[in-house]
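There are structures below to look over.
Same chain, two partners: chain A is paired with chain B first, then with chain C.
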Partner chain A sequence: MNKILEVKNISKRFGNIQALRDVSFDVEKGEFVFIVAHTNAGKSTLLKIIAGILEPDEGEIYIEGENITKTPPWERPVGYMPQTYALFPHMTVLENVMFGPIHRGLDREEAIEKAQKYIELVGLKGWEKAYPHELSGGMQQRVALARVLAVEPKIILLDEPLSALDALLRVKLRGEIKKILKGKTVLWVTHDQEGAMSLADKLIVMRSGRIVAVGNAMELYYKPTSLYVAHFLGEINFIESVAHGGFVQILDTKVSTDKIGPVVIGIRPEDIKIVKNNSSPLGRVKELRFVGGFWRLLVDVEGIDLVVYSLKRIRSKEVSLRIHPEDVLVFDYPPEGIRRAVHLE
Partner chain B sequence: MRIVVRNVRKRFGKVVAVDDVSFEVKDGEIFGIIGLSGCGKTTLLKIIAGILRPDSGKIYFDDVDVTNLALEERKIGFVFQDVRLFNHLTAIENIAYAPTLRGEQDREELVDWLMGFIRADLSKSTMPTELSRGMQQKISLARAIASEPNLLLLDEPLAGLDARIKSTMVFELRDMIKDVGVTAIYVTHDQWEISSIADRIAIMKAGKIIQIGTPEELYYRPVNEYVATFMGGECNLLNAYSLGNSQFKIGDLILKGSRNIENGRNVKLAIKLDAFIPNGRFEAKIIERNFMGPFTRLVLDINGIKFIAKMPSKQVFNVDKVFVDIDPNKIVVFER
Partner chain C sequence: MFSMRHWAYITIIFTIALIVVPSLIGVVILLQLAQEITTSQIINALSSVMNSLVVAGLVTIINILVSIPFAWRIARKNDSLSKFLDFILDAPLFVPTAALGFSVLSFWSSGYYSLNLISPGFWLVVLLHFTFTHPYIVRTLIGVIRSTDLSVEVAAKSFGIKRAALSRTIYLPMLKAGIIAGALISFARSISETGATYVVAGPFETGPVFIKNRLSVDPGSAAFAAVSLLLVSIFIFFIIRRISRRRFLPLHPETKIEKMIGLKTAFSINIISLLFFAVMILIPSFYLVAYLSPGATCDWASLTNSLLLSTIIALAVSIIDLFFGIPLAYYLARADSLLRDLVEALVIVPLIVPTVSLGTSLGYFWGSFGLNPVIAIAFAHLSFTFPIFVMSYTAAIESIDPELELVAQSLGADTIKTYREITLQLTKSAIASSAVLVFTRSFGETGATISVAEAMAAEIYTLPLLLVSWIKKAQAGLIPFSTVAIASFITLIIGLLMMAVIKMAGGKRGKYE
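Here is the complex of A and B:
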């Protein structure tokens, strides 16, 4: 075990709002961890507590085994990039990036050397003398990243670093940031579950101030521990059903389960296969949308609407569907009902 | 209501914001306008709404010239990025606002019907401020629809919402609009969102419309490299030269494209990420992978050439190479 960060039982309240409830997790050295959650789930608050900008009501933070809960932010070995990365507008790129190292006691020459190294790493060599307003949004983002890197922190904390950028640039930059930060310990907070899944070594899913799942992206996507996590990580069909005799049934597929009574069956749209086979259950295509690289169908089978993804355009009004038992998830029926159980805000 | 925009121009000082734009929106169609900020889409929307007058050109609603009609005479329903509900009225009163003004008897029925759409259990006393922003936006749309507009204008209604909320709401909005059958123009800069909601899309750049088509047409038949990279996010753009017979050479690779170009000519190939079909003849080493749920983004090395691909996740589990074919229909050929 090579734990670099341990977050233990952190709680935080703002007035009547319980922002964080008993949050605990570890980050290992060199791990790329995403905290992914809806707006107002407490994820930014958690990051600020780790950075030392906010104090928790309860709980402790350890870095390399040392309790730093009471350590002021500037003495913590963390590099924190807030959501509004607020570069100093009156300083050049070089001065912005030098600021941290100088603040932490390096002399001017050393600070310049450090700054230049990281400006080059983020791909901005040649822009040292430019002012922030002369740079594009994506470039400003990289300056902010260089500024965090220049203090050579043990952990890098990123709060929604791409939220200010448009969709196209976001996809491009998130891959670049991952490359720049390769080998570093990173804790990245976002609401974008797809981006998080695509880059994370480990995913922490939060909901309303609590951690509801920890694991790698594929585990959580294919074997989610709750309806909430299943739905949060991507589109999924939920069908109410009843389990008895060790089985539940969806279309003509029987799935064994140890649950008894009311259950919810979960099946991902990409796991419902359109087959050329007359013996499979027939559905009526109610809607067909091209959503960039694949087709999203709404199919009515025996009164149940199923979302189905297809790589090919489907031209017929009726399709035969097949579901493999190993792709089916079975959840206990939630006492609060499905809609509330998966509510995203 | 059919909407016709004919040769519309608008200039602000030296900047031509809208440059000779013409298109037609069919009755009951959801028409998308997409472009980066500053492309002129918001100005165009304001001209259609009657908030701005064009320097030249005409706007028709059905066959009526409305170019000089004021905003209120055009009967337009608006949904904006920033929710503008009446916060002193309940959510239900907001939806029923226009029917009440009209003094309609059956407003209860209409409100019930719209509430069914929104799929929410709101109590009679729920105020807009108690609701999430996504729900507020649905109430805005319901209110706009209840005013029985000639045209619905939606300007970035989902901007600023969480990714996952956006991806469920976009289909809900489409259902609501399609069920009443109102004609709508939907503006956004998000290409995924526009593909999910619009029947046809116009791509704008620097005040001009570059291409109009269905989401599928814009994706697989882009007229230029700009559209190719815009619709779909990422795209492989590679220099190649034509061997005739729709064949193209890149390095040692020979690929079939979607059309023929005279032998020996230099071309640029835009290869869409979903062009890579498993169980094909090219051996592709997987040098990078990003799991994205249903699909995995891959960087492939085929004969020393790098390609970005998106393949169904379950087909590329635990393998370090795949054999693929590249679908000629998903290779767009541009002359250089």
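Here is the complex of A and C:
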């Protein structure tokens, strides 16, 4: 285990708002860690605290075992890239990228050399003399990336690096960034769960300033620890039910559980199979919508509305559904009710 | 390690020790003078203060109304008219206030070729105050308009909003900060101006004129008026600040009244505002030039000496303002604490103290240390120019995205390097324009300077004081008016030249702006 970053019990309050509550996690060398959370959950605050721009009220930050909680930002071996990129408007691409190396003590020649190396790495060779306002959004983002890389930080902190770009470019650049940052230790903050799940070695889910889940993407998606995480990481059907005798039932599927009493059953729309088998429960198709690549159905089965995904277009008014017991999640019924338990805040 | 914050703290100590404390001690001296006065003296003093408030309020409100379209024109259109207006805008500040008063008096009232429309009194004071408050409001507004985001306007227009409603719901709130900052400076300048007002007031007495008239014969009344003016000003500042925090200009569609008076054109080029600038401000300010006649001459040696003295004082004051004002402005723009709010309030104090009472009290204060009168005058100039620089430059720094600084720090630059390489580079033109404001203010100041000289019983002639003495002699028929005119004209030309140099030194507006 080679821990680069350790965040220990960080809390931060702005006036009446508790931005972070007792946040702790580690990032290991070469890991790609994503913090996903809804807007205003405190994720940008957390990055700023690690970068040294904000001071935490409580808790400590360690880099390679060294406590840097009181170290000023310019002495921290971290690279911070804000959402707005914050390229220096009065400097060329080269000057922007050189800025870090110069202030980290390199002489001019070395700084230029280093800057050129990273400008080339992000694919902007030939644009050294351009000013930020002459570049497209995607290019600006790559300049910001080169600028962070040029200080060769122990860990790179990215705050929503793709949010300013359009959807197509976002998917393309997501892959490119991953390639550019290969082998680097990265902490990436986003509200885009899909993007996070496709890139992350480790996923941290935050809600109202608290960490609610840590794990790898598949694990959290298929075996979420709470209703909130299940709901936040992708569409899911929640059905209220009661467990007794070691079982709960959904349609004709019996699932064994050690829970007793009121429970919530969770099943992902893609895990409900449409079958041509008359013995399976029959449902009425209430809604059919093409959502690009697949179809989203709302099916009424025995008075329960289920969202079901289908790769093929469904032309009949009725469908038979089958659910495998291993795809079914069983949660304790939350005392505050399902709606409040999954409320995004 | 030394950082921007340490520098700011040193500055705060400097500000309090050299600017705030002397001004406050001056007030205490005045309070002692004001102890035993009669009811009729109190009533006279208070009515003069009331006059000042009415003038300052009226001038500020009308000024804002005509300045918004004017500033909009200059900031948003980049043609030669805008460039010309931008250059000529500060010119009234270059006319020393005494000469300005005389010039305005000549234009509207008595004198050669005069219109003979308005005799000395309330309305002439109002007209005079337009000339020297207008540049402050327009300058502040231009800065704010240039830094606002155009996309907001485009978005609002896409919702089909009517022009008048757009003005009220989008433009005005966007300009709110600028309007309030400009109004504060304008109000403060108007309420404390002495040198020019004295010339045009006739029997009408504003607070500062009352103070100047009584200072030697009835110091008690003068001191009482000075303290009342100070308290009232602070109260009004407080009220304006409070109001500025509230939401105003509510959201609703274009109203009938707005349609009727055709606010539609309010933000496009506005002939009225241009005319206002030409007729009410520019021509009256420079009307003195009409007295120029061929072969006019004056005491060149005295003029050169005074010119040199005023330039040295203005330069020294500007440099000190910059040196201490930059870190303080940075602190005020970026810090968020009780100390910050306190310092901000304290910095404004010398600006609200009427210049005559400021000058008198500072004269007594520094005189008791046996300070050289020229240095005492420079200190007095520091007191009222420092707030102008700090307020104006603070607004400029606030318009720079703090994220740029945070990233620079994260990349390895400490706070001082970050300021030097990022913030300073992006605010160079604001420093230059703030420096112009300070330099012109010091160069042309009359009221405080004359009071310091009188309080210290010193024979010192800065350029404005020389002009005042010449105007007095001319009015007494001892020397021809052309002497005053030529001296004012030369002052003006030199002032404009210096302004051009300072502006160029500040660098052209870069492509990233």
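Structure notes:
Assume the second predicted complex is superposed on the first by the 345 of 345 C-alpha atoms of A that agree within 3 Å, B and C clash if a C-alpha of one lies under 4 Å from a C-alpha of the other, contacts with A are read in each partner's own complex, and residues count from 1 in each chain.
Simple rule for what comes next: a contact is a pair of C-beta atoms (placed from the backbone, for glycine too) under 8 Å apart; a residue touches a chain by one contact, two chains touch by 3 or more.
Just so you know, these numbers come straight off a predicted model, no measurement behind them.
On the superposed chain A, the positions of chain B and chain C stay apart, so the two partners fit side by side. By the touch criterion stated above, A:His103 is placed in contact with chain C alone, chain B being left untouched. By the touch criterion defined above, A:Leu233 reaches chain B but does not reach chain C. Look at A:Gly79: by the touch rule set out above, it reaches chain C but stays clear of chain B.
When the two structures are aligned on the shared chain, A:Lys70 is found in touch with neither chain B nor chain C.
In the superposed model, A:Lys276 makes contact with neither chain B nor chain C.
In the superposition on chain A, contact of A:Tyr131 is made with chain C only, not with chain B. When chain A is checked against chain B and against chain C, the one touching more of its residues turns out to be B.
Rounded to the nearest 10, the superposed model shows the Cα centres of chain B and chain C diverging by 80 degrees about the centre of chain A. Look at A:Arg147: by the touch rule set out above, it reaches chain C but stays clear of chain B. Superposition on the common chain A brings chain B within a closest Cα-Cα distance of 5 Å of chain C.
Overlaid on A, the two complexes show chain B and chain C touching no common residue of chain A.
Only residues 36-37, 119, 132-135, 162-165, 167-168, 189-192, 195-196, 214-216, 219, 229-234, 272-274, 290-295, 297, 310, 312-314 of chain B touch chain A when the two sit together in their complex.
Listing the residues of chain A that touch chain C in their complex gives 48, 51-53, 72-74, 76, 78-82, 84, 86, 88-90, 99-100, 102-105, 131-133, 147-148, 151. Those residues of chain C lying in contact with chain A across their complex are 401, 403-404, 406-414, 417, 421-422, 425-426, 510-512.
On chain A, the positions that touch chain B within their shared complex are 38-39, 166-168, 171-172, 175, 191-195, 197-199, 217-218, 221, 232-235, 268-270, 289-294, 296, 309, 311, 313, 339, 344-345.
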